[in-house]
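Input: structures, listed below.
First chain A sits with chain B, and in the next complex the same chain sits with chain C.
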Partner chain A sequence: MNLASRKLINRVFTSVGVLSILLMAATLVVIMGPIVERGLGAFIFRGTVEHRRVLLQQFGRGDREALEAESREVAAARRPVYDLLEAFEAQLTQGPAELRRQYRQPLNELKQHLQGLLGPFPGKPEPVLLRDRYGETRWDQARARCDHIVYAEHYDYSDPSRMGLLVRTPRAEQFAGTVLEPLFTYVPAHLEEMLRPRWTCYARFLTDVSYDSHFFGGIGPELLGTFYLTIGAILFAVPLGVVSAIYLTEYARPGSRVVALLRTCISTLAGVPSIVFGLFGLAFFINTLRVSPSKSVLAGSLTLGLLILPLVIRAAEEAIRSVPETYKLAALSLGATRWRTMVTVLLPAALPGILTGIVISMGRAAGETAPIIFTAAVSVGQPLALWQTFTEPTPALPWNIFNLCSEHQAVDEIRHVQYGMVFTLVLLVLLLNSTAIFLRARISRKLRG
Partner chain B sequence: MKSRWMIAVVGAAMMVASVSASPRAGAQSPAAGTSAETKAKIVIDGSTTVGPLAKAFAEYYMSNNPGVNITVSESGSGNGAKSLVNGVCDVATLSRFMKPEEFKAAADKGLLPVAHVIAFDGIAIVVHPANPLSGLTLEQVRDIYLGKITNWKQLGGPDQDIIAISRDSNSGTYETFEQMVMDKQKIAPRIEYVGSNGAIRQRVQSTPAAIGYVGFGFLDRTVKALPVNDVHPDQQSVLSGRYPIARPLFMFTNGYPALGSHVQQFVTLYLSPKGQEIVESIGFVPLTKY
Partner chain C sequence: MPQPVRPVRREQQAPAANPPAAPLPETAHVRTDNFSVYYHDHPAVNRVTLTIPAGKVTAIIGPSGCGKSTLLRAINRMNDFVPGARAEGQLWYCGQDVYGPNCDPVELRRRIGMVFQKPNPFPKSIFRNVAWAPKINGYRGDLEELVERSLRQAALWDEVKDKLDRSALALSGGQQQRLCIARAIAMQPDVLLMDEPCSALDPIATAHIEDLIDQLKTQYTVVLVTHNMQQAGRVSDRTAFMYLGELVEVDATDIIFTRPNNPRTQDYITGRFG
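Moving on to the complex of A and B:
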């Protein structure tokens, strides 16, 4: 091959390499960008007076007097809305039945949106569901709601050959000529005075309990549940895994058939789909062994522990094997027993590698959904105290993300919570993995001397 | 030395994690440090249709009985029944009645499931709001799911293939649908199956040519519920029996719960005025009328 074609091949290879790295970076940005942007929206957003009311009434946080003063001003700004509605309803009751029938449906729709925006009408009994007791807590949602108040949406089915087209008509036209007409200019013009948006940093999102199935509050129980499950899995998998690795590297006869079989089994175990672990956990830990009376953190931890066990064994084996043979020989020649050599020389030297493996498997355990569906996870629950983890199930981040997006009956209103959960989980796993990278960097520095 | 330092770092990180976690747990569960009586828990598993109701009941009950931890999972009626039979939940929520084989499995284990009807529900046939259709007959719905009607044009709509969505066979809603709409005939193989009511709604709200079925609690502005046999799906038509696809929603317990116990108070919550209000605000049909 001549020089020119060799150079060409080289250049093509380099550019393909650069291209694939750029592609990967772009994918990462495309995936991570929205996660970070929307996820941060759960923590930092323009909170309305309703948000502050939730915090004060449900969590007992905030300045009561300031909120009361604010509430008075807000109520004054809202007064005209209620006055207009009252006047319109009076007009309806005095007017002909025809008028009542014409406006019954549009008025109901409007009132629902107003309730959603501002909370229950004054003087009405307090609704039993928490979500109906407050107006919009976030400014972005309040503005979307305001849009629904100003414009009515319906579909135009006039062309039978295609699906209907969305038509937005100003509600002011629907109510033209009635006393209610000014409402549709008043609401958008005075939205700020009625809701008082203020930039809010809701850091307690991470620790607050959620109220009314995630409509209000934070993700405290989920985060705590994830911590419990991850640490439980580590507690179970690490001792077992490290001991197995020691056996495989130091005590087992090298080249023996049994050891080869064991290794194959471990590799297979690492490749088993996680849902299989989940079902196994349900059948074995809960239905057969009955480690707990129901799903529980304990059963979930055991299942997750099984899942990461092969990872831990592999990492520990690798780490022990990479300790220079001379260390071991030196210790043995000084008269140390095999056990002493193991504990005082090999394990300390292998520890950074083992730790790296542990931290990586923590990341894996924290993010797994399938193994905990049947063994530990529930869609709502309180944060657990330590002793409750043996008997009670818990919400956990990965499962609740899935649950919110697929099963929640009003998910469109609480997307920010879902994004917040995703962001937190990604951050958690990222944090664990960077810890592992940091550890690994230290090892390589150490090995270089 | 270095490795010892590293143990310290990781150890400290774990300590921080557990310490920052524990006061939260302590603060939120008033049960901490009090008598065993208040450490009560109720584990609920089952239907995704009853899910919103169970969650709202749980919220209400816990707010009035601090110290009781009620957990709710929504894994489908079939799983709820299995959990109850295996004794791993206290209350199973079902959107259908228990099947004979489930009763038999329970009886073999010495359990006796007791049914509590907590609300009525209709199964609404939903389409995208852009769909011009203003109603269907029960036969038309059946024909869609049998694969006999495959295009909206056959129903007077635009020329688009129908994308029919169904729940999976673990679902009580699926079984009710199969019984009341399909007349025991097999749903066509080309129908798309999804795992929850919420998933059906999401599929329909994002797909103009889709049709699906959900419990009343999952209706909102983003989907259009079609009248069936000219009967509009609402509270009155379900209560009067005119709406053709209606059913009771159940909570099952193992035997009748001990009087005065948390479980007993919980499963009878629907009888109270507040319980009725919750049922109504979620969108289901209450049994009581105050």
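Moving on to the complex of A and C:
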């Protein structure tokens, strides 16, 4: 091969490499961009007076007097809405029965949306469900709700060969000619006075409990649960994994069939789908060993620990194996036993690699959903005390992300919580991985001198 | 419990107060008798009978692959860690059969220090490198004093006394090798095995180490494997010439280099092969 073609190949190779790295970076930006943008929406948003009311009444935080003053002003701004409604209802009761029949359904729908926007009507008994006791807490959702008030939506199925078509009609048309008609211009025009949005930084989202299945509050129990599960998994997997790695690298007879079989088993274990681990955890830890009466953090930690065990073994094995043989020989020649050599020379030198493996498996454990579905996770719950982890199940970020988007009855209204959870989880894993890099660099630097 | 090897120790004192092993010059510290080492079925050391006297520097020379390093590593049983290695015959250290059932290899290695071809300090501080072996062996004296004494003996103290807590890996190659010698000395062994200790070093560092070996023989029995015949001539009292796993000739160094008995020795030292 001549020089020119070698150079060409080199150049092609370099450019392909650069291209793929750029592509990866772009993908990362495309993925991370929305996660960060929407996720931050759970922390920083325009909170309405209802948000402040929830904080004061449910969490006991905020300025009572300021809120009361604000409530009075807000009530004044809302007054015309309720007046219009009252006038319309009076018109209905005095009018013919046909009129009542005609407007019963549209009016109920409208009232529902108004209640969702502004909270319960004044003078009515307090609703049973917490979610009905407050209006929209977030400005973006208030705007969406306002849109529902101004426009009625229904699906047009008249053409059977096509999918239903969304049809939006102004409600002002529905109520044309009634006293209610001005409402549909008043509400959008005075939305700000009625709800008083203010930029809010809700940092306690991370630590607050949630009320009424995530309608209000934060993700404190989920975060804590994830923390417990991850730490628990590490507590089970690391001692076992490191000891196994020590055995495999230093004590097992090299080339023996048993060791080869063990290695194959570990590789297989690493490839088992996580849902299988979840079912195994249920069948083994809960049903057979009965480590806890039902789902618990303990059972989940054990299952997750089993899941990351092969990762830890592999990382530790690689790390120990990559310690130069000369260190080992030096230690042995100085009259150290194998165990001493391991503990005082090989393990410290392998520490950066082992730590990196541990932290990366922590990220894995924190993010796994399937293993905890059957063993540890519930969709709502209180933050657990340490001793409760042995018997109680816990909410956890990955499971609750899935739960909120698949099983929650009001997905659209708590979307921001879900985004906040995703953002937090991604941040957590990112944080763990950068910790690994940092630790590795620091320890290596210390060893190099 | 097997009885550990417990040779009579010379008291650790200033070198001047301890005359260079004059009372027992020809005491055999290490002796082999028809000793062979096999790698699988291939004999790397073949029926060697050799006496290594105490308080002297014994050099083992020979071309590459002649088994000299294998023989050296057999003395403190470092070959145990080479898969497929196996010893036959007898190797005696202070009257104890090293490969016998009563020998504890860990104890043996505490008595017989070793310096390797490539400097291999631990990735720890200079101080902890030297203090490592005494520490794991439960040394109960003044550790700092021991470290200083060892570093002085290894002629390294003046260069590192201000940076004992710095990583040993930051030292130069020659300094690292002297640190390894200090580390071996700190264990207070009787015998120092040196496996081509200068082969990875430049001439100046080599000169340093050679001076050092000269001083060390006042306190230790030194066995030096070297590629470099000039080095053997400069520093050793006795020289053994090995060829193809066999011991060809062993005698006082000046005899080997001036009037060897065996024509193969003659050929090797005059550079006709090797």
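A few remarks follow.
Here is the rule we go by: the second predicted complex is superposed on the first by the 410 of 449 C-alpha atoms of A that agree within 3 Å, B and C clash if a C-alpha of one lies under 4 Å from a C-alpha of the other, contacts with A are read in each partner's own complex, and residues count from 1 in each chain.
We adopt the following convention: a residue touches a chain if its C-beta (ideal position, glycine included) is under 8 Å from a C-beta of that chain, and two chains touch if they have at least 3 such contacts.
Bear in mind that the values here come from a model prediction, so they are computed numbers and not experimental data.
Upon superposition of the two complexes on chain A, no clash is found between chain B and chain C, which fit side by side. Contacts of A:K446 after superposition: both chain B and chain C are touched. In the superposed pair of complexes, A:I373 makes contact with chain B only, with no contact to chain C. Of the two partner chains placed by the overlay, only chain C lies in contact with A:P254; chain B stays clear of it. Between chain B and chain C, the partner in contact with more residues of chain A is B. Computed from Cα centres after superposition, the angle at chain A between chain B and chain C reads 130 degrees (steps of 10). When both complexes are overlaid on chain A, the residue A:E392 reaches chain B alone and has no touch with chain C. When the shared chain is aligned, chain C comes close enough to touch A:L332, but chain B does not. Fitting both structures onto chain A leaves chain B and chain C with a minimum C-alpha separation of 7 Å. The interface of chain A with chain B overlaps its interface with chain C at residues 348-349, 446. Those residues of chain C that touch chain A in the shared complex are 76, 78, 81, 83, 106-111, 113-114, 116, 118, 120-125, 132-133, 136-137, 166-170, 180, 183-184, 187. Residues 2-3, 6-7, 10, 13-14, 17-18, 20-22, 24-26, 28-29, 31-32, 39, 41, 43, 45, 48, 51-52, 55-56, 58-60, 62, 69-75, 83, 86-90, 128-132, 156-160, 195-199, 202, 208-209, 217-218, 220, 222, 274, 277-278, 281-282 of chain B are the ones that touch chain A when the two sit in their complex. In the complex of the two chains, the chain A residues touching chain B come out as 127-130, 132, 155, 157, 160-166, 207, 209, 211-213, 220-221, 223-224, 227-228, 231, 286-287, 293-295, 348-349, 351-352, 355, 359, 373-374, 377-386, 388, 391-395, 403, 405-412, 435, 439, 442, 446.
Residue ranges of chain A in contact with chain C, taken from their complex: 254-255, 324, 326-337, 340, 344-345, 348-349, 446-449.
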